[in-house]
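You will see chain A twice below: alongside chain B first, and alongside chain C after that.
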Partner chain A sequence: MKILMHLPGPGKAAGWLIFLVLVMTAVAAPLLAPRTPLETDLDHRLEPPSLFFPLGTDQLGRCVLSRIIYGARISMSGALTASLLSLALGGIIGVLAALARGVPKFFLTAVIDVGLAVPGLILALVIAGLLGGTMASLILGLVAANWPWWARLIRGLTLSAWQREYVLAGQAAGIKKTRLVTHYILPQMKAPVMAAAALKTGRVILAFSGLSYLGLGPAPPAPEWGRMLQEAGIYMTRAPWLIMAPGMAITLAVAALNLIGKGSKRS
Partner chain B sequence: MNRSKNISLLTVEDLSLGIKSTGCPAVCLVENINFSLEPGMILGIAGESGSGKTLTASALSGLLPEPVRILSGKMRFAGGPLFPEKTKHPGFKRGQDILFLFQSPSSALDPRVRVGIQISDALVQAFGWDRKTGRKQTCQAMEQVGLSASFFDRYPFQLSGGQRQRVLMAMAFGLRPQILIADEPTAGQDDSNRDHLLMLLREYTRTRLSSAIVISHDLGVLCGLADFLLIFFQGQQVEAGTPAQILAGQGHAHTRELVDAMGFFQEAP
Partner chain C sequence: MMPVVTRKLLYLTFVLWSISLGTFALFSLAPGDAAQIILNNQNETPARNQILALREELGLDAPWNVQYFSWLKKILKGDFGQSWQTGRPVVDEIFARFPATLELAGTAFAMVLVLSVLSGTLSAVFRNRFVDRLIQAATVVLTAMPTFWVGLLLIYLLSLQCRLFPIAGRGTLAHLVLPSATLALGLAFFQGNVLRAILLRIMSMDHIRFAFAKGLGKKKILVRHILPAALPPMVTMWGICMGQLLGGAVIVESVFAWPGIGRLTVEAVMGRDLPTAQALVLLISFLFVMVNTLADFAQLRLDPQMGTPQ
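Up next, the complex of A and B:
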């Protein structure tokens, strides 16, 4: 009975299952992919799905399935890194903004407010565009766009936790502020932060693919899902499987994270 | 009141607490509190709810809730100033010099942290011990208040109200503060728990020669415990004296009410 109580709901479980499958796919890409993602075969261009090419081939005769599998590495790790970095940066600034007094408090709060006022996607676009299309610049752009949101959330959670009587009692007993934050305040944020992180990461995957679609991601031969979608657009009528595959991959990843997030919110 | 010539452990002179904002006259919540505390003495503060007892105690531990500040008056601890807003007394250690035990033991303990850890965190911080020593000393302190060492790894929700209150007392026994402030330590406790707690409080001050400030709405509890009593009424200190003087009932009308209320439920000691 005790184990049953800790089981996630069906939606959350399905979300985790899909997400873990995607992560495993990214990790085990060389084992799973039938071919390498960059191997061209000009005799087999734009072929429909067959036994030999399960998801068909693209305009250069590359195996689409292999590109999707290797693409999981780039798209998932890029979005997860961007999401975790914004959580870390926003978390640190949020906690500091909540606990600071006087001028530092005013300064940090102002920085968060300004960050929130700047439209995130446009900021990411500008940073990724100015620094040239690489994975790192895209991640940097996404972190710049997303950290203020995290800072605001963590600041609010810290402020409300700081008012709790047991935190005051801890202060009265002389427990250090840093220990109160790390051992008494941060643990209570686990549930809301987990839910928000899942939902937010889903959005970051969308943004990552979207910016990559615009040509701001890793440079062309790299098999990135958003980039594949853009290249497939030209051949949409001749080879519709080319847009189906990356489109489904992005949808699955985002849906999985949304299911996890919604499920965590409910529990 | 009897103010000795040598330096008292704690003196409070004309303390007023209130809310001040620019452009508005200050709103006074607690006015003109005066008392002094000698080593080994138990001071009782009695009064109806909302009379400013807890606010005064918060001021002493420097934990006034956000908009409330010290409007005027002086607090001196062992000869040095105590929290004149920003400038802290250099050698002052919160928890070790003055320990404020909050009113309700259920909300004063973090539900996610093992009770033993909460005590040992304070001890480790105060005495600079390593975690292992902290655990040993915590278990000792818990045994002094009648909790076995197995309680160390329990969470607050696994304890009864009386056991939680004893956990807070264990913190006091471990930290050995010079002044222990206990806010309504007997609220919500049954008779046997209450008597046990009062015994612990008395034992605490006797054996360590430390002082205590005990806040309660129950004059009966305080008369049996305190050496000196303050009566609060609507944010003012309306009477001060030994329990015998207070019970003689020559003073303020509110004191009469408290004394009468006490006689209503139990016999006066």
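Up next, the complex of A and C:
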């Protein structure tokens, strides 16, 4: 029975499976895609799914399947980068805010509260928009929008860990604060942070593709899923099947992360 | 020791002031010269002396602290400058668009409330049974669907195929259905899931187990004891939900061509209309902070334990 407790539940295992398949798809995109994502074929525009074009073609005759497969590279890597950077930044500020005293503590707490006060998607939109539509500016905007959330979570986890007996014992033994943080406090945060990271990365994928849908982020012809949906929306009356694949790709990626997050929370 | 309310209000003022400073800094650091953008928008090829004159007029050469305080003084008087796109006062632009967003977010919020209380309560009452599993599975999928895709699917199915609702725009009640449903769907199930967890925690508490042991009816325990106990934490969640609705409105309003402040934000950012975008960030953040503070105060009233200083 004890071994069973450590095995991931069916939901979590399915989540990891889908997530790994998506990561492999992104890595092996050139091997899997039947064509290149940018190759246009003006004789075959807005075609329904067929043997040659399994998911049909878009308004420029590009193979939608190939664009979805290559799109995994953009959306997944962009969202993962933004998510990890905000975790790192929020983690550092959160730990500092928990352990600081006096004026620095007030200052750090206020910075986190101000960050939380601006709705994330709007901050990301403004930053990414002002810096111009590139992948880097979109990632920067998402990091700016998401680090306060992480800072609040990790400040809370640090504060509660600081009261635990083994940390108090460490303090009594005269261990330095930095070592207490790296060797005593951070390791026992692993489980809640993993669960939160999976759920949060899913939200970041939604924000990333949503802002791309609005016209930010990697510029066309890059095969970004959100941007593909925006283009498909324009041709919805003539080629309604085009709105299916990119939406399903995003949903699959986020649902996988939801399952991982939920499963990690339970265990 | 100050009372909690005074302390909170003082801190609120400080946070609001910090937001104004942060917004000012963000837009001052934005690349591009304001004078040049304004003159370019007027369809001129501006001469160098024109740009220099406008820079002088806008006070762009003054030190940042002078610029900040003159800007702050203006916005405290309600003057957010003129839109670089239309030339009209930013305040007018925003207030022309605000009712549309209020209507959309308000309807969506009502939908979220009803759906989340329904799904969360059902899930908790029938824990680990079929209904719960079904709602849980729906939650995983529905919270994973991007709102703009939900919007496109609804437009295709209900507007283009069934011709039940108009495709886009604002006007009749029928116009309101699809955008608000799109905005509400994912959030409702997310909130329902949070409510489920809260209810399950309450159900395992001693006073509820005592009520069962005493032989009270299940319905009575649910309505009289369990649901009221879930109210304080849910009030906080509803405050957060308002922020998510405002963020979500940015995308949903763009999908449905809904003339609200979400779409105005996108237009302002895309058109590099900095005064409008700046005013919107400030306004939306203020609104969000106010709603959350109200939720905090409501919680203070609902849960007396919250008011005691630690």
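The working rule: the second predicted complex is superposed on the first by the 262 of 267 C-alpha atoms of A that agree within 3 Å, B and C clash if a C-alpha of one lies under 4 Å from a C-alpha of the other, contacts with A are read in each partner's own complex, and residues count from 1 in each chain.
We adopt the following convention: a residue touches a chain if its C-beta (ideal position, glycine included) is under 8 Å from a C-beta of that chain, and two chains touch if they have at least 3 such contacts.
Note that the structure is a prediction, hence the values are computed from the model and not measured.
Visitor: Under the stated touch criterion, which partner chain does A:Met24 make contact with: chain B (first), chain C (second), both, or neither?
Guide: Neither chain B nor chain C is touched by A:Met24.
Visitor: Taking the superposition as given, does A:Tyr184 touch the first partner, chain B, the second, chain C, both, or neither?
Guide: A:Tyr184 contacts chain B only, not chain C.
Visitor: Touching A:Leu229, do we find chain B (first), chain C (second), both, or neither?
Guide: second
Visitor: Is A:Ala219 touching anything from chain B or chain C once the two structures are fitted on A? First, second, both or neither.
Guide: After superposition on chain A, A:Ala219 lies in contact with neither partner.
Visitor: Tell me which of chain B and chain C touches more residues of chain A.
Guide: C
Visitor: According to the stated criteria, A:Arg164 is in contact with first (chain B), second (chain C), both, or neither; which is it?
Guide: first
Visitor: Over in the complex, which chain A residues touch chain C? Could you list them?
Guide: 11, 110-111, 113-114, 117-123, 125-127, 129-132, 202, 206, 209-210, 213-215, 226, 229-230, 232-233, 236-237, 240, 243, 246-247, 250-255, 257-259, 262
Visitor: Chain A touches which residues of chain C in the complex?
Guide: So the residues of chain C touching chain A come out as 11, 14-15, 18-19, 22, 26-27, 30-31, 140-141, 143-149, 152-153, 155-156, 160, 243-244, 246-248, 250-251, 254-255, 265-266, 269-270, 272, 274, 277, 280-281, 284-285, 288-289, 292.
Visitor: Under the definition above, what is the set of chain A residues touching chain B in their complex?
Guide: It is residues 164-176, 179, 183-184, 187-188 of chain A that touch chain B.
Visitor: Can you list the residues on chain B that touch chain A in the complex?
Guide: Touching chain A from chain B are residues 61, 63, 93-96, 99-102, 104, 107-113, 117-118, 121-122, 125-126, 171, 175.
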